[in-house]
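The structure that follows is given in the form of structure tokens.
Naming follows writing order (A, B, C and D), and every chain is counted from residue 1.
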Amino acid sequence: MTDTHIERVPGVSSTVLGADEIILNMGPQHPSTHGVLRVKLKLDGERVVESECIIGYLHRGVEKIAEHRSYQQFAPYVDRMDYVAAVSNGLGYCEAVEKLLGAEAPIRARVVRTILTELQRIASHLVWLGTHALDIGALTPVFYCFREREEILKIFEKYCGARLTTHAFRIGGLQYETYDGFEEEVKRFCVDFEHKIDEYSTLLTENRIWVGRTKGVGILSAEDAIALGVSGPVLRASGVAWDIRKAMPYAAYDLYKFEIPTAPSGDTYDRYIVRMEEMRQSRLICLQAIENIPAGPIMARIGKVLKPPPGEVYHSIEAPKGELGYYIVSDGSTQPYRVRVRPPSFINLQAFDRMARGSLVADVVAIIGTIDIVLGEVDR
Amino acid sequence: MGTAPIALQYGFFYFFAGLAILCAILMVCGRNVVHSAIFLIGSLLATAGIYLQLTAEFLFIVQVILYVGGIMVLFVFVIMLVNLDVASRQRQFNKQVWLAVLLTIVLGGELGLMTHVDGSIFNSVNAPQALPANTNEVATALFQTYMLPFEIASIMLLVAMVGAVLMAKRRGA
Amino acid sequence: MPYLLPVFYGIVIVLVLPLLAGYIVLLERKVMADMQARLGPMRVGPHGLLQPIADALKLLIKEGIIPAQADRWIFLAAPLVSVTMALLAYAALPFGPVFQIADLDIGLLFILAISSLGVYGIVLGGWASNSHFSLLGAMRSAAQLVSYETAAGLALVSALLLGGSLSMKSLVEAQDQAGAWFIFFAPCGFFIYLVASIAETNRAPFDLPEAESELVAGYMTEYSGFRWSLYFLAEYANMIVVAGIATTLFLGGWLRPLASFHGHILGTPIEILDIFPVIVFLGIGGYCFWRAPRQPVQIQKLVMVLFGGLFLVLAMVMFGSLFVPAAMPGIHGAFWFIAKVLVYLYAFLWFRFTFPRYRFDQLMKLGWQFLIPLALTNVLGVGVAQVLRQQLGWNAFAAFGLTLLATMGVAAWLITLGDRRDRLAAAAPAGGD
Amino acid sequence: MIPVTHYIFLSLALLTIGVIGVLTRRNVIVILMSIELILNAVNINLVAFSRMFGQVHGQVFAIFIITDAAAEAAVGLGIIIALFRNRETVLADEMDILKW
């Protein structure tokens, strides 16, 4: 008996019949909990009566670390939160500190940031698509997705030398100028990528089994989503057209035209559709931005030692998974007094119980996948 | 099989008969219900072997597919559904052992009496008659001579199916 | 020595099958890699050709762990049950007009009966592991196998109606006499069996008993090493069995395509197809020789040449047997049988890499509400067509075409019915069963 | 040919074991399985006599009995599930009231 997986309700004999309930622990070591999430399911047969997400297996105290590092030193740490979207994390942090300093990155830096962040969004969504499909049993899309993600990571590698935890941006702008051929490579990727999305779509969108496994599964109504503070594609799939890129533009998003994809019913299929459409939109943003990267400096003049004035700031961006917010309190020293991160995965995960109740064990896997959590970000 | 030497036939028979009885005893005495089910499966398979020795090939297949592959799977399934760890630790037998012993004696005595009184009744018409490849004949009998019972049996199965579903269904659902 | 030959065949099968299963796994991984834009095993031997042997060795020397709370004896015995039943089924499978261990009168029923026992290996193994994931896997497996056995059996009945026998050998001969494989008479039966057989062998998209993303490894969760590999072997052996059944009943068994035609096509006699096996083996052998110098390591070049030589020898055997009338049907029959089995298995792999997994209730719905009614309709249709053709003297094409259309109509009706039911269920408030 | 008496004694042995099971065991599932054993014992008799008379009628009857066993098992197990759901027990002597 793998005792870590089985707990019986004390005093009650447990059966699979529904005479009473069994408690099944999925994780923290389970192939489809996306890392070390542990979900405690109270089952009636295979039907979920109640669920509880138990987190913290990947806690590293990122927020505490910030208090003992200078502002620049802490920047690489944020890459390790949502490690499949490190560029977005970096963007949020850098902009938050810039806001604290009252500085702004030059326009060229902001455009390059936008391009890289949108590429990162595509990469993050590709990881989500691949693993989500894998969870539901489609073995092949993950390889297609990683094939394209590889192209994006190559661009990152050429730009800043790292693939996963990139530390691509610096407070005040960029450290590196774009490399020769950057525009062409991004453009080629974006042009090719259109057909690639269609390829994934062919595999899944109208596949009867896929539709059967995702439609009507894990429904989250708009009211619930807002009440739970859910953001990002999960919120938009419930029909709420809320996107920080539009609502509170940052970087260079106000320069480009793009749409906020939404879907009406808030089920797993809708979230799939929304994310697929977001990849298309990101591709369009990249194409617009790459056409015209303004010339100019890439770094604002902010000095070598950062000493923001005392005060506090909250800055949030639309990370691939939702609203990624940084709340930074400065006491006027070179180190932040307090950094608090609002990670989208952590908040979105709170909707899990609402989605999972009444569904089957197999759906739980689909629901975990559709929230698109990264445990590095949930646990920090 | 009909042409097999008689010694081989006896060997087959005693092997399967012994197996059937051994498994049956173990089944009744077993503490764990799953073990009981496994021994019953063994007993049924041994019986299937005896059918084969009796050149009833079709019945052998029916026994294996229906009994072992169907009914017993259902049993094992239900055992797993309701398997209580406590059940195997409780007292397994009730207080009717004396009744069982009595019945055994009566049944054994009855048969012994019959063979004692006229042992020839079973042996008189013992001339083995060739029954080669009887699947066709079984089919003919089943679909022509016994057409009506066959249909009745199918209706009975239908009724049983509906009944089982109703019975096992959750109340109020 | 009539008793010795079957024993010899049996030994050959028992010895060759694990190797064959290993190479089917390699083939699967190569096909999967091809579909997934990658290379698959390339390290162990040239193009991964020695991978199965390495895998087998690894599994054999791996530690076998028995969970402390497991029901020890059942835990040990369950994989053996699975693999025994899988191997026993080969007794009645005709690999060719000669290469068959026993041509039983009720061969097909025998195979079905034996493979229906294989479920015990899974169920008992899952139960004995004493783990919730295993138990859930075992119960799913029991329910799934019992359900899809019905559909598969009914699908096979359509072929039996056409062949008029239960003996595997005479079923193939009936297809020879009929002039066309039974798949052309009862395509619906074939496709129902295709789906049901995937479900019966627990392959994706019906691999719920071992659904990795849900139940870790289902009934195999607690197994490791050698005993795990027995389950693995049983799964692949069962795949070959169901493929063999489908080949025998629907795809003409060991018959060469167009075996019963003796005309000319474009001036060449149709018998020219007999050299197809020779060409296949020559092609594979030639490819091996062509790739041999391109291998990075000396030993890999050698292995590649050895494989090339093996296929050349096979090609020579195929070619030589063309001139020995006594040996030709047996050898070429075995080739065609195995070729068809591989084609059938290719469909298995193709589905596995293409489709997501069904959910359990959807699986049951598909089985009971679609496949079984459709299989019943198909049996009825084939029966009616047989009567039309034999009693009323209809043209075979018209009779079977008509029934095929009717069956397809029923299928479409069942699909729309199911969809409507799903929509109604979705519209109704959630909850309940 | 083995004399039919052998089969009858085998059948009797199985029947008796089955009856003992039905009478003495407390677990309903085992009782149900014992009943299956009894039916099985009867089948041996039928087939043996069928062989003895060289006719298939006995086998046909055995097939009907197996059908009956299937029906009985389905209903019986359905009852067991229903009982278990309500009473949390599979012991026959604890099922001693008519309604709950």
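Some notes on this structure:
Operating definition for what follows: a contact is a pair of C-beta atoms (placed from the backbone, for glycine too) under 8 Å apart; a residue touches a chain by one contact, two chains touch by 3 or more.
Note that the structure is predicted; figures quoted are calculated from it, not measured.
The fewest steps needed to get from subunit C to subunit D, moving only between touching chains, is 2. Of all the chains shown, the one with its CA centroid nearest the global CA centroid is C.
The greatest centre-to-centre gap from subunit B, using C-alpha centroids, is found for A.
Chain centres here are Cα averages; for subunit A and subunit B they lie 61 Å apart.
Between subunit B and subunit C the centroid-to-centroid distance comes to 32 Å (mean Cα coordinates, whole Å). Rounded to whole angstrom units, the spacing between the C-alpha centres of subunit A and subunit C is 42. In subunit C, 135, 139 are the positions where the chain touches two or more neighbouring chains simultaneously. For subunit D, the set of residues touching two or more other chains reads 81, 84-85. In subunit A, the residues that touch at least two other chains are 13, 15-18.
Subunit C makes touch with subunit B in their complex at residues 71, 74, 104-106, 109-110, 112-114, 116-117, 119-120, 123-124, 127, 135, 138-139, 142-143, 145-146, 149, 166, 432-433. On the side of subunit B, the complex with subunit C involves touching residues 32, 34-35, 38, 41, 57-58, 61, 64-65, 68-70, 73-74, 76-77, 80-81, 83, 133, 135, 169-170, 173. Taken together, the subunit C residues at the contact with subunit A in this complex read 32, 35-38, 67-70, 130-133, 135-136, 139, 204-205, 207-208, 211-214, 216, 221-222, 352-362, 422, 426, 430-431.
Those residues of subunit D that touch subunit B in the shared complex are 1-10, 12-21, 23-27, 29-30, 32-34, 36-37, 40, 43-44, 47-48, 50-54, 56-57, 59-60, 62-64, 66-75, 77-82, 84-85, 90-93.
Of all residues in subunit B, only 6, 9-10, 13, 17, 20-21, 24-25, 27-28, 30, 33, 36-37, 40, 43-44, 47, 50-51, 54-56, 58-59, 62-63, 66-67, 70-71, 74-75, 78-79, 81-82, 84, 87, 90-94, 96-97, 99-100, 103-104, 107-108, 111, 115, 119, 122-123, 125-126, 128-131, 134, 137-138, 141-142, 145-146, 149, 153, 156-157, 159-161, 163-168, 170 touch subunit D in the complex they form.
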